[in-house]
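I've put the structures underneath this note.
The following pair of complexes shares a single chain, subunit A, combined with subunit B in the former and subunit C in the latter.
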Partner chain A sequence: MSVSVAEMTEQDQLFEYTVRLGDNCVILGQRLAEWCGKSPVLEEELALMNVGLDLLGQARMLLDYAGKVEGAGRDEDKLAFFRDAQAWRNLLLVEQPNGDFAKTMSRQLFFDCFQFLQYQKLSNSADTKLAEIATKSLKEITYHVRHSSDWVIRLGDGTEESHQRMQKAVDELWGYTPEMFDMDAVDEAMLKSGVGVDLKEIEPAWKKMVEGVLSEATLNFPELTWQVRGSKEGKHTEHLGYLLAEMQFLPRAYPDANW
Partner chain B sequence: MTSTNPIYSKSEVYKVLEQVRDPEIPVLSISDMGIIRDVLIDEKKINVEIMPTYSGCPAMDTIAADIENTLHVNGYADVHVETVLTPAWSSDFISDEGRLKLREFGIAPPQKNAKRGSLFHKEAVTCPQCGSGHTELVSQFGSTACKALYKCEDCLEPFDYFKCV
Partner chain C sequence: MTNPDTDIAKLEDDFQKKVDAEIRIEPKDWMPEGYRKTLIRQMSQHAHSEIVGMLPEGNWLTRAPSLKRKAVLMAKIQDEGGHGLYLYSATETLGISRDEMYEQLHSGKAKYSSIFNYPTLNWADIGAIGWLVDGAAITNQIALCRCSYGPYARAMVKICKEESFHQRQGYEIMMTMARGTKEQREMAQDALNRWWWPSLMMFGPHDKNSNHSNQNMAWKIKRSSNDELRQRFIDATVPQAEYLGLTIPDDKLAWNEETQSYDWGEIDWDEFKNVVAGNGLCNRERLQARKDAHEGGKWVRDAALAYAQKKRKREALKTAAA
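Right after this comes the complex of A and B.
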């Protein structure tokens, strides 16, 4: 969207806000789907696909709602398959490549804890639809947090190699986490109207949650030596384009394709 | 919202709906699962409200189609199925009969009124094969979104546990 926030109507802001929530779920769900057929063990394959499916379900509800808020005739599929990278609003963290299993679990832990705290607040949103979606999703996210925490602890407090790889994964992704708590004008406006979540407020709780898991995993709490941000203005890392190319190919090549 | 001069009776529609099975756990009807929130009848129009179990549950589309088909076959022409999110479906909605059927089928039923909100707590799950409480969680996620994978330390059988949500 190229209009400045000052020119945005309340409806534009709600659309933008909802798309941000939905885009996180689409992109992380797509990343998890990339593990299909190559997970370390069968149980874990099922787990990753289940988490991904939950995220995709959440994404559908959110983007369907965003489309209705926008009122321009775009449905969930139009929003997912016919937007280019600069129109996506997902956090930089969730578009990062899977890497090894440790990296996937580190990304998952950071996002799961964030989404858990964010949706806890969102379930009291003045926007009934967002509150409903958050309440529903929270039941699923609770299981996601348990799953990623378990793995980070198991790998961190595991063998020498798993410990070292888990620490590396946590360190490599750390610089993408401050962006999660950025409040821009849309966030401020949504917070003021009782719709949105105060991200600054959940930051300490997030750190505490992650710190608890990392310490049980005998891992060091990373130091912030670099950080990147920009997804709220559609500035992404180079990885998003490749992900979208794969995800969007079919509906773009065959726009009338049906199941 | 209320049914004015219903030609059809709500209880008869409910009775027909008992024939609709959960495609992933076919021993259970959608009534056992507790996913029907309400049936609204407006003259000849029937609106069935269902609550999805999980956001991404692929069975929901099949269930909606099955509801329409089953009602059509039973002479109800004008049927609509609507997905509603409030109240969010809970495993507490599964009927006592449904719990019994689950156990007989080899799936440990979800605990009722389980402690929620707490992120990390161990659930005491009973083996559906031998009744032992000596069981171990293998994976939070099983063959479908609604199930976790356990194994029994006594009879050594692996089994599914229907998760509490």
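Right after this comes the complex of A and C.
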């Protein structure tokens, strides 16, 4: 958004808020798509695609709604394929590369727990459309939490190699998690109008959920030695640009085409 | 004393009578070794084809041109993984493990459908694979729904339902491309040009050159001949291409009033053999991708196993203490 929050209308704020929710799903869904054909076991290939499909489904509902709120004629695909990195509002965590299976599962655990808590609150949103999307998605997310928790526990408490990889993965991603709970002016305004979620409020519950899983996985709860943030203002890691270049190539190369 | 040769002959005779009477053969029934081997070869090849077949489509998953297309393609690839899973399980009923089958795939002993050694070069290839490759596969698989081996036949019924859905989705992509911009039409024609002949090759050699046909027909593993199925596919597909306004790359293709089917040119069997022999554009990449996934995932499978063992031990201790 080029306008400052002070100048934003309620409609602008709702658009921004919805895009943030949608962008997380697009980018993480895209990352999971990169796993296609590479999974450690066939059953897991199906599970990863399942989670990816759920995320894409959520992304489509959210971006479709964001486009309607904006009222400028942008549909889900205009929003997904014709925005550059600085216009994306996904969390830094979800754009991080897949790495090994431990890193993917760690990223997934952190995000799934966050989504679960966020959507629980969002399902009571004063915005009926967002409440409806959150309620529908919550069933899927409940499964996602179980899936990623199970894997983190298995890998953490599996072999020595898997334990080391899992701990490394958790440590490497830890500094991207504080950003999830940042409240900026848009979040505050949305919270005030009963639409949005108090992210600060869900932070302790998130820590408790994650701590429970890590402890069962015999992993150390990491110390926060560094942290990065900025996605709400369109500041991203360098990884996002490459992800978008690949994802957006076709519609950008042939902008007049319908697919 | 009984004569083992007579016993086998009697068992074989009874087996054949059962097959002739259209009674399904089930895993615990007696079956000739040749029947078992043929089925293991064919069914594991089929399972491998599903898994390797995910790769050329996966090549466009991250570049699908709309969120809807991406979701549909992801669901399709997931279905194929599911087909691989049923087929591996069905093959396991014949006394071979999934690990042994993987081993055979990775060592090159077991084959997969050679069509997946061709590259997917533009988005219309995803349409062409659904329309032509899945179309050819369905033509084969409908015949297999009546295969004499129960677990295979039942797997095919389930698979055919999903495949026909995939074929419609593929055709719908082709339609969108063929009715789209000039560049999209070119992509669609280019995809048809590259996938047409390899799709016809999927039915295997001409009947007169096919090694396995007669015995497999007698065992009712195979119900229709390669040439019959190929002709059925061509007759169904040519009008679909015409409807799209695309040209099938065969200048001998013509309707024959007398046979009420299409006459067509000749498959380049040298190319077929060459690709099967390893000289397709993607043979090495496809196999390497499977090996990398399997070998790269070993530590994950090991961890899952180690965890399951620990968990069992802990539960046993708990039960003992209680």
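Operating definition for what follows: the second predicted complex is superposed on the first by the 255 of 259 C-alpha atoms of A that agree within 3 Å, B and C clash if a C-alpha of one lies under 4 Å from a C-alpha of the other, contacts with A are read in each partner's own complex, and residues count from 1 in each chain.
In the analysis below, a contact is a pair of C-beta atoms (placed from the backbone, for glycine too) under 8 Å apart; a residue touches a chain by one contact, two chains touch by 3 or more.
Fair warning: this is a prediction, and the values are worked out from it, not measured in the lab.
Q: Please work out whether A:D256 is in contact with subunit B alone, subunit C alone, both, or neither, and reply first, second, both or neither.
A: second
Q: After lining up the shared chain so the two structures overlap, which partner does A:L46 touch, if you call subunit B first and subunit C second: first, second, both or neither?
A: In the superposition, A:L46 contacts both subunit B and subunit C.
Q: Could you tell me if A:Q58 is touching subunit B, subunit C, both of them or neither one (first, second, both, neither)?
A: Touch status of A:Q58: first partner only.
Q: For A:Q30 in the superposed arrangement: first (subunit B), second (subunit C), both or neither?
A: A:Q30 contacts subunit C only, not subunit B.
Q: Going by the touch definition up top, name the partner, subunit B or subunit C, that contacts more of subunit A.
A: Looking at subunit A, the partner in contact with more of its residues is C.
Q: Kindly classify A:D171 by the partners it touches after superposition: subunit B alone (first), subunit C alone (second), both, or neither?
A: Touch partners of A:D171: none, neither subunit B nor subunit C.
Q: Which of the two partners, first being subunit B and second being subunit C, lies in contact with A:R146: first, second, both, or neither?
A: Touch partner of A:R146: subunit B, not subunit C.
Q: Report, in rising order, the residues of subunit A that make contact with subunit B in one complex and with subunit C in the other.
A: On subunit A, the residues that contact subunit B in one structure and subunit C in the other are 43-44, 46, 50, 53, 56-57, 60.
Q: What residues of subunit A sit close enough to touch subunit B in their complex?
A: Contact set of subunit A toward subunit B: 43-44, 46-47, 50-51, 53-58, 60-61, 116, 132-133, 135-137, 139-140, 142-143, 145-147, 149-150.
Q: Write out the stretch or stretches of subunit C touching subunit A in their complex.
A: The touching residues are 51, 54-55, 58, 61-71, 74-75, 77-78, 81-82, 84-85, 88, 123, 176, 180-181, 183-184, 289, 292-293, 296-307, 310.
Q: Which stretch or stretches of subunit A touch subunit C in the complex?
A: These residues of subunit A touch subunit C: 26, 29-30, 33-34, 36-46, 49-50, 52-53, 56-57, 59-60, 63, 76-77, 80-81, 101, 153-155, 157-159, 161-162, 165, 246-247, 249-251, 254, 256-259.
Q: Could you please specify the touching residues of subunit B with respect to subunit A in the complex?
A: Interface residues on the subunit B side: 52, 54-58, 85-86, 88-90, 116, 119-120, 138-145, 149, 163, 165.
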